[in-house]
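Going by the order they are written in, the chains are A, B and C; count residues from 1 in each one.
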Amino acid sequence: MKLPSGILVLTVLSFATSCARKPASISALQPTAYGNAIVESSGDKQVAQIGATLHDPVVVQVNDDKGNAVTGALVEFSAASGVVFDPVSALTDSSGQVTTNVSLGGMSGRYELTASTFDKSHKPIEVKINETALGYQQTLGRQLNEKYCERCHNPESTVERVSNYDNLAVKPHPFNEGGTLNKFTDADLTAIISYGGPALNKSALMPAWGNTLSKAEIQGLIAYIRAVSDPPLHGSEATFKSN
Amino acid sequence: MAKTVDQYFDDLRETRVWRSIFRSGSGSSTLHRSLAIQQNVFLHLFSTKVRTRMLSFSATWYLGTLTLGTFLILVATGIPLMLYYHPSVPQAYADTKDLQFVVSSGIFLRNLHRWSAHAMVFLVFAHMFKVFYRGAYRPPREFNWVIGIVLLLITLLLSYTGYLLPWDQLAYWAITVGSNIASAVPFMGSKIHFLLLGGNAVNANALLRFYVLHCMILPLTAIFFVAIHFWRIRKDGGLYSHSSEPATRRTESAAKEVR
Amino acid sequence: MKGKLKAFWSLLFGDSVRAFGVVSLVFLASLAIAPSKNYFSEWRHYQRGYLKMVRNRADAVTLQRHFQGGIQQIWLPEIGVVDRCESCHVGLKESSLANVSLQPYRNHPVIPHKLGEFGCTICHRGQGAATTVSEAHNSTLAWEQPVLPAKYVESSCGTCHRGPVPGTPRLNEGRRLLASYGCVNCHTIKLADGATMKPTDNPPSLSHIADKTSREWIYAWLKDPQAYATTATMPNFKLSDDDARDISAFLMANSTPISGDTLAISAKPSSDPTAGASLYGESFCASCHAVQNAAGNVVGGDVGPELTRVGSKVKPEWLQAWLRNPRIYNDGTPMPHYRFNDGQIATLSGFLLAKTDSDLLANVHLDPSTPQQVAHGKRLVSDYGCASCHEIAGIKKPDNFAPELSRIGSKPITQILFLAGMPHTLPDYIAGKIKQPRAFTTGLKMPQFTLTQTQIDDITTALLSLNDRANSLPPSMTVAAPSESNYQPAGQAGKLIHDMACMTCHRINGHGGDMAPDLSWEGSSVQRQWLTAFLKNPNTLRPALIRRMPKFNLTDSEVNQLSDYILAVYQSPTVDRDSMPLSGYPAGQVELGKQLFYGKYSCQACHIVDSNTDKGYIGPTLTQVGSRLTAAWIFQWLKDPQALRAGTIEPNRAMSDEDARAITAFLMSQKGGKQQEAAKK
């Protein structure tokens, strides 16, 4: 009876030692301080193609109750599956900030990212950051916007492109002005793009593009406008929240 | 007195339909029981009487029976598989995928076929070793051993030809290696290679040839030799068991063990 | 306990009949596993989930009516597509499901192709025939190719579309980067239509390098090109100090003097910074050359090299010779021959030579080279394949120096050596290889390129589009790339155009750059006196532009030669420049045109006619357009701008002939003159 039990013990031992170990937990960072509030410093409301890395990194700052920056607090980022953070968690630096590069998920729509930290009593405090991912149609719309529309509709100039906005007697609406543009239906937008301002009793400074742009291109532009409008048009696009 | 269930069954066996199909009527006499085996086309290969010692587990471990059992499973699963499989180069792999994903219980059919094939090869070898170690090849059973070896080769060939049919990387390269080994035979090697593949490379001809071998020629050959194998068992006096040896030989070998 | 177990055992397996019965029952029960597995399959689960989700929606009835149970597939035998994705992704074709965030129930976003005509795996890869999640999406034992991550999906567009497509910016940029970073100098890429991808990075010849720069600069450059110019596309070969020393020794020893120019200082470089800066600005050098300003921003074009530290690089006599006539050093250079006088050369060279960086060569001290170092340098130059990009005297350009990438998008995973910890997929391999080429094993020669992650993703997208399917599609299913011609103008004017490198910026007859307007039909559009005046002194046509045409100081006879050639040869087949008069339109028509211009069509949104009232500066100013363009051109332009210049952003207003004629009359009356001074900004 001794021999079989010895074999049994050996078998159990060999299995125990050879079974794969679980890897050490991912977040090996230990915070050295705790904050009271977390705010977004920059990188909110960006627009990028699906799967692409956002042009600017997302920067959040942890403050204490007096509003001073907290160094050494642990900030963790989370979002719907598909979004990749680099890094996914970090300790705040000397100015209380954490920077992360964000790659959006594979589906078009609005993504709600969450940056969270803990206060002294281990209660979680969060800030939500919104980014927009453009699918094919919206990307096409963005390309068309940069070529045809942005010179007049965007009041900001860049080094490469001087804005025409100030030269217009009647100012056009920037495309992210959701307060105004959400009131137009898709049919309204199609009409004004195709037939010019007079189609909706607006200034003729808006030309008629119906002969220059195809129907698919106009639909792409409208999809882009809906994607970037802030606040978003209700029910226009899916929103992916952190899970 | 109410009829018992058994009496109902007896009446059933006396009906015209039953007698037309099964010929011999009911009854538990030795004659009736012998006729039930003897007059059945499938069962008459077996003898009507067997010695109980032949049925003991330790005699054969039932390995031969199991081998036949896996063979029957292979035929039973192989025929439904044939319904979905086209032995042509663009179709073969796609049909395997369809079996896996679309056909109801297709995965089960394919997996059972494959596992039975591996089991059959294992069982055939085990059966061969068991026959050897219990001495069931000794006269008058020498020829049956040879038949058994032929069946072994047929089993291996069935396994080899079936391996190519999914036409995936595993199949293709396995057959390439195997046929290249065959081409190493002196004098006849390249001819064997050509005969095996129906060409110089593993392509559509090889697939069709292996399919016909696997589904038609080799199973028929196997059934043919299995029939001879079973017939020889009968004619050689049934399954061999040590206790069927004459007493003198038994005691002699027992005496040798003691020394 | 033991007694109970024994009793239980004998109950089940007591005698052989009982055992046989029990075992048979167990097997029978286990036989039910297969059909029940079949019934409780994954796709059925997802279809049930879909019906549950749909029940609470407003359009439930329609969706339920459209729903078909069972395995759904898209079967396209001509292209070998069997895609069963719709079995789980039930709502793919339902546009009302666009705002659903729960997968697999969302609809497919709008794309320019019908799902039923293309299937799914042509774009998304993965195992289309599968009906389980892991087999369909992931790389498994039976199927190597997982679903393509979203950021690389544009590579599938490139399988059929051989040229740039409006909706695929990442693919377009990736293809452009493959050419502009010179990848194709070492890696041959044969495109599906038979052409070979050509590089567009213009690496300079090193045959006369000793005339241009010093050995110390070559050493510093080889050690870290981006330290000299952050926008340099030259990769870093991670050379040891000794290797860089030997290569620089070889290049200097191998260099021969330039023939045809004396390389003497003709005019002492001036140290006046303001004059130099203003001449630099007037010459619009920034259209092609970039300079990093004090704030760290790189401003300027990317046609020529970055000039931030050019004073630390070039020898003064070389710079002056170059500015005097670049074609003597390199006949094929895109730089125009500016015809500066000695004073201008002095000013400009002084300005450029002042752009130095003392840190660049501070720690470079090289002893005079020995013959062994020169020989070793030559071996290194051959080993690293420098001659793939640079012309080096005595070393032939190697063929196939690096693996051919024509089918890289279909490379089998079994042939790939992965980095530890890297996911075993093809896109990860390509992106990882571009990011860290030498990390994969020892003895690799691919240098380290300076690319952002976005650029790496774009290049990976472009490379993934070079796959087996792209090369095996029937021509009816592909969209050919726009053909690039090799047009070079002929004759004396052709020599001038070559000397002035007009086609670096302008496109003529399908060949040239895209920085400036296409001149293929310039002869039909402009009036002669304007053209000659412009060539002598290019003025501002489009106020909003940063890149402008430089003043080349052409002589009168050169200007006349060019103008004659352009007006005679570059005519449009649809515009007859003499069909409408240049002036003399009735006042009523002019007035009607003015009303249409400012009212119905509101052209002042983008164009300036009266500089006192109009401010729109998207299109060219029209204050003197009546002296510039021909009436026939204006008329045709108003009728259909895209026919005369493809891709122009002027809208096609579907104007009636009368409207177009009226506006033409109005515009032809804008002759400029006194207004010209006021219009210049």
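As a working rule, a contact is a pair of C-beta atoms (placed from the backbone, for glycine too) under 8 Å apart; a residue touches a chain by one contact, two chains touch by 3 or more.
Only a predicted model underlies this, so the values are computations on that prediction, with no experimental measurement involved.
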item: Centre-most chain, if every chain is reduced to its averaged C-alpha atoms; value: C
item: Maximum inter-chain contact count - chain pair; value: A-C
item: Farthest chain relative to chain A (centres taken as mean CA coordinates); value: B
item: Chain A and chain C, separation of their C-alpha mean positions in angstrom; value: 26
item: Distance from chain C to chain B - Cα centre to Cα centre, in angstrom; value: 66
item: Mean-CA-position distance for chain B and chain A (Å); value: 65
item: Touching residues (chain side chain C, partner chain B) in the complex; value: 34-35, 37-38, 71, 80, 82, 84, 127, 129-132, 135, 142
item: Residues of chain C defined as touching chain A within the complex; value: 98-101, 103, 106, 109-112, 149-153, 166-167, 169-170, 297, 299, 453-454, 457, 544, 546, 599-602, 604-606, 615-618, 642, 649-654
item: Contacting residues of chain B [partner chain C, same complex]; value: 90, 94, 97-98, 100-102, 104-105, 107-108, 168
item: For the chain A and chain C complex, residues of the former touching the latter; value: 49-53, 55, 80, 82, 101, 103, 105-109, 135-137, 139-140, 143-144, 147-148, 151-152, 159-162, 164, 166-168, 197, 203-212, 216, 219-220, 223, 235-240
